[in-house]
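Same chain, two partners: chain A is paired with chain B first, then with chain C.
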Partner chain A sequence: MAVIDTRAVAHAKPETRQARTAWGLTAPALALMVLILLVPVFVAGVLSFSNYSLGNPGFDWVGAQNYERLFTRSTYEKMFIATFTYVVTVVPISVGLGLGAAMLVHSLGRIGDIYKTIYFLPVMATLLAMAIAWEFMLHPTIGMVNRTLAMACGTWAEAISFFKSGCADGFPLWLGDRDYAIWVVCFIGIWQGFGFNMVLYLAGLTSVHRELYHAAEVDGAKSAWERFRLVTWPALGPTTVFVVTISCIRAFQVFDTIEAFWPQGGGPNKSAYVMMFAIFEKGVQQNLIGIGSAITMLFLIFVMFLTLIQRWLVERRVHYG
Partner chain B sequence: MTRDWLKHLILILGAIIVLAPFYMMVSYSFKSPGEIDRGEGGFFGRQEMMIDPRCVALRQPDRADIEAARSQFPGQDDAGVQSALLAETEAACSIRPAVFNYTKAFTEAPLLRYLLNGVIVTVSIFLIQIVVALPAAYALAKLRFWGREAVFGLVLFCLLIPVHAIALPLYIMLAKLGLTNTYAALVVPWTISVFGIFLMRQFFMTVPDDLIDAARMDGMSEFAIVWRVMLPTAIPALLAFAIFSIVAHWNDYFWPRIVVTGNRDLFTPPLGLREFKGDGDGSFFGPMMATATVIVTPLIVAFLIAQRRFIEGITLSGMK
Partner chain C sequence: MAQLSITSITKRFGETPVLKGVSLDVANGEFVSLVGPSGCGKSTLLRIIAGLEAPTTGSVTLGGVDVTATRAADRNLSMVFQSYALYPHLSVGENIAVPLRMRELTGLQRLPVVGGLMPGAKARRQRIASQVSRAAEMLEIGALLDRKPGQLSGGQRQRVALGRALVRNPAAFLLDEPLSNLDAKLRVQTRAEIAELHRTLGATFIYVTHDQVEAMTMSDRIAVMMGGEILQCAAPDIIYEDPDDIRVAEFIGSPKINILPLERSGTGLYLFGRSLEWRVTNAAPEVMQLGLRPEALHLTQHAPRLTGRVAHFENLGSEVFAQIALNDDALRVTLRATPAQRQMLGLGAEVGLGFDTQAAMVFDPDGKRLRKVEAMAGMTSEVA
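Moving on, here comes the complex of A and B:
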């Protein structure tokens, strides 16, 4: 017995010891992952079927009532419209501008680096501070935007109906106007995010082989557009998948600008009432945790769905070359 | 060559739009309220002496002051003394607009405290992230143990969950523990960076096994290997991760907004700026833009100094 025992220990010792240290090394991370990431998802899932409020002793199960409200009340209809308007506007434009800027900067060589630096500045800057700066820029009377527009008054520009009405009755209120509010927020989202996409595309462009362009030219791709369509765009496939996904996830999470412009209510006539703001307003400010959790769950589903699509596309090897 | 001109033209137009709010922010932080209202003064404003209305209001001479000052102005009646005193006060209260804006930024609100909080929070988040993620990444990359695939699978799954999205349940849990309005609340949700684990694991996979075996031969424990062998090899990756983490948390507004309510001692810079804006009656554009400039400047300056590193760090997530 003793002989077998010692042999087993001598044999298994390094293995088990390594396993034990390995678990010891991963334990803190594992515990925090469960407590901080998984438990909250579970908690939100459970609470979304209740009418829980912080400070109340008890709560009732309300079934799918919270979800039912999300799909029937007009407030939440506005929430979905605002969120999707934002995502559908900001993602394609900021990806497109990012790609365009990257191609221009790349073709200019070293001089182009100065533009890279400038376009990346908004990515670094505190968004809340920049939102407040934009709010001043868009101030209806003393803002730089309307002052600049007013300079066009009395010139040929008045032929355009926008300037004509602007010069006569004043230029738009921008943030106070429900026709403009969400678009202004979209504009700032694009302003802030396209530099990030540009940098990712620049990294992608440096990895496109020069020979591919020569080969395409030999094959008869004479125009710049043909070369882009046949070489650049396919080579940038993986970058594009990644850029689009991360832009989507960031766009879904828009909050800072909305809260800075409209601390209450999410814009004129709730036209900029996006999901993150709704979670904050319902769940935290109004303590309606059931409905806040239901929005959280929907939000998680959207984001996970997007990331899964991305992983699936990457695994299919998006670059066709 | 002509095509290059066109490219520059487009890029310069873009640069003007990108820079406009920065230009305005810095410019307003130098200007007097009058110049801001009328939109004059170029970039720096004229920097004429201006009178701080609040300072004058605070030092309004009352009867006692007039009595006390009577001897200084012999042969004048009360009104004369009062106007002389007022002129003195105004002289004492006049100040260059740029100086006014920046002193107000630091005195109207405890901006230094906010900046310090920002540093405390971002640095603690980063250090804890490293302490938690590095050993786990090492184990996942270099140690063989039963369940490793499952743990790595969990890491990959957790990558799908953005912390901002689960802010509400996290807030409820912290509130239940009585932790809202503490530094802990600002730091705890960010202590686990699944992305950090993933990134460091990928990096450690490229470290040759011989290095680790040699360390084991020297009798180093696995724990010591993590900190004395793996950490030094990982410095470039860690630096990129540091920039990624610090930029994200210095600029974060959503999470602090949720867990810190009212207690100014815990405000991070963006919260402080928000409070400043809420307090302002509209005439405080100058000091507010000065505050914004102060908050934005550290990262921008660091970025301009170490551009390449920053771009690497921020786009790090592109390495997935």
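Moving on, here comes the complex of A and C:
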């Protein structure tokens, strides 16, 4: 039988005891968070002001030189352009498509499950393997995409300038063309990501009270759009916050497609040189820990900033019912 | 406001028939309750009237116009839902304004910022605001207009739902068990308020409930529904005193009506082998059922028609209900007595019961009322 020191327990004030227990129970999680989250971030922050390389016995402090480079060199300008193009394109489209697909699937009965599976498949599949399949499809001469496009040659479609020039001079190289490369990556990102958003929205849709639609109908909301504005969209507010935040973070983190398509350098003329790839290239491949850390810090700031803005915007507008 | 009639409505969900040819005419300004046990099809019928559900066959006319194919949004009806169905993201005022905004503002005028700049929008918005505040005043929820539904109590939400229904001038109000989520005290209060609202507005009300007390106290007429049919539709006192069907008699009235077996032998009628003074012809069925409301029974010592033992006793203060076990507990009848008779009703006491001939009802074995038999026996003055 356990012996309890009743006197000691009785002596401490209840509030103090409660506080002590609370800290005791939080301690493991707190320790882990500091150890595996805050310490590495802090270390990266410190290293971003140095020229440290893994294996070197020492390093020098270089001040803000790494950051200065980030904002002056054209490579990094391309990095920012590629990253923001990707985020700005992929987030709204994959959220919109996810919502649209969720509403369509939700309105179906049994068949809905089939569509759900189809749309969710790209999310489950390994992106690296999928990238290889896309690479074949997008091959300039033997790829399925250009062959399909070529079928339109000699038909009315040639009136469109894209087909006209494509039939005459060959269709785009896609992955090899610096005007198209980032858009192809965006397309694959959307294709891969919207199924996940759809599933989140589907979960959100099930919580919308059906009687609200009937009330909206009786209140005179005639079109589907009016019912969407009145009932669905506000009810999905909390889901949207989550979906947009997650999509943004995932979009910032895009890496494996780029690595699979262009392992040596982030696309033609660095047109798809996204931040995550830059961190990998500088910090891991070239062992330039200093500049790698600087990009990492910037990356963190972007993501934090975005998340905070969203929270602030959303907390005032979204109703949590 | 308009006269509303539904004609031989049937509805089946897959193979399951829910409504089996229901017809009902509701006059302008009338308060009609659809009452019945759960699953009797009363809510489905209301939703068909509202246009939220399409009938399998049959038609709905509103003010003489066939609206069977008209969608709910175009029927000009207001509905109060059981869950109130308030838009959770809109304030009380905005909730009440929704039916007006949807009907009176164009899509552009409804836009958040730009809408106010559209020609004519300002005047209309002001008109809507004044209508909303008038409705809120009527229901005494003026102080709540800026709150969200989540911050309101059940009773307040119910008022907001009512406000949203009456803010415009609909052809009829449809109410789907609006009081079922309120506590008992509030229910009694709101019941009176809805009845008063009906008198003030003079509008047509169709009220669905499973609570017979609500139906009895509020309605001009009650339609008792069971198994997808309207068994009887009449004024509350007729439904109670002169039911057509034993199911109506059993559903309406609390405590429940007493049903006793009645036998015919030759021209005589017998109750538990005891001859009654009524005489009938051979046309009457051999086995019948006798319905007696608790208040139709009275205690008597002189030539009682029933004898039994007091098995249970409930004192409600103003009245007393006693369950009398007849024939060694094979059957129990409920008796309403006055508080003065309490001492005669001690548990286990032997009592004799008589009943008022005028108040007795005779039903055939299937439950249909046998008014002819009653007339023959001289139980009622008029022949149905």
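Methods note: the second predicted complex is superposed on the first by the 274 of 321 C-alpha atoms of A that agree within 3 Å, B and C clash if a C-alpha of one lies under 4 Å from a C-alpha of the other, contacts with A are read in each partner's own complex, and residues count from 1 in each chain.
Just so it is clear, a contact is a pair of C-beta atoms (placed from the backbone, for glycine too) under 8 Å apart; a residue touches a chain by one contact, two chains touch by 3 or more.
Small disclaimer: the values here were computed from a predicted structure and weren't measured.
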item: Clash or fit, chain B versus chain C on superposed chain A; value: fit
item: Partner chain in contact with A:I142 - chain B first, chain C second, else both or neither; value: first
item: Which of chain B and chain C A:G195 touches, first, second, both or neither; value: first
item: Partner contacting more residues of chain A (chain B vs chain C); value: B
item: Chain B versus chain C as contact partner of A:T307, first or second or both or neither; value: first
item: Touching partner for A:M151 - first (chain B), second (chain C), both, neither; value: neither
item: Chain B versus chain C as contact partner of A:V231, first or second or both or neither; value: second
item: Arrangement angle, chain B at one end, chain C at the other, chain A at the vertex (C-alpha, nearest 10°); value: 100
item: Which of chain B and chain C A:T126 touches, first, second, both or neither; value: first
item: Minimal inter-chain CA distance - chain C and chain B, angstrom; value: 15
item: Complex interface listing, chain A residues touching chain B; value: 15, 18-19, 21-23, 25-26, 28-30, 32-33, 36-41, 43-44, 47, 54, 101, 104-105, 107-108, 112, 115-130, 132-134, 136-137, 142, 144, 147, 191, 195-196, 199-200, 203, 239, 242, 246, 249, 253, 255-256, 259-260, 263, 276, 279-280, 283-284, 289, 292-293, 296, 299-300, 303-304, 307-308
item: Interface residues, chain A side, partner chain C - complex; value: 209, 211-212, 214-222, 226, 230-231, 234-235, 237, 319, 321
item: Contacting residues of chain C [partner chain A, same complex]; value: 47, 50-52, 71-74, 77-79, 81-83, 85-90, 98-99, 102-103, 107, 148, 150, 164
item: Of chain B, residues touching chain A in the complex; value: 4, 7-8, 10-11, 14-15, 17-22, 24-25, 28, 36-37, 39, 131-133, 135-136, 138-140, 143-148, 151, 154-155, 158-173, 175, 188-189, 191-192, 194, 197, 221-223, 226, 247, 250-251, 253-254, 257-258, 269-270, 273-274, 277-278, 285, 288-289, 292, 295-296, 299-300, 303-304, 307, 310-311, 314-315, 317-318, 320
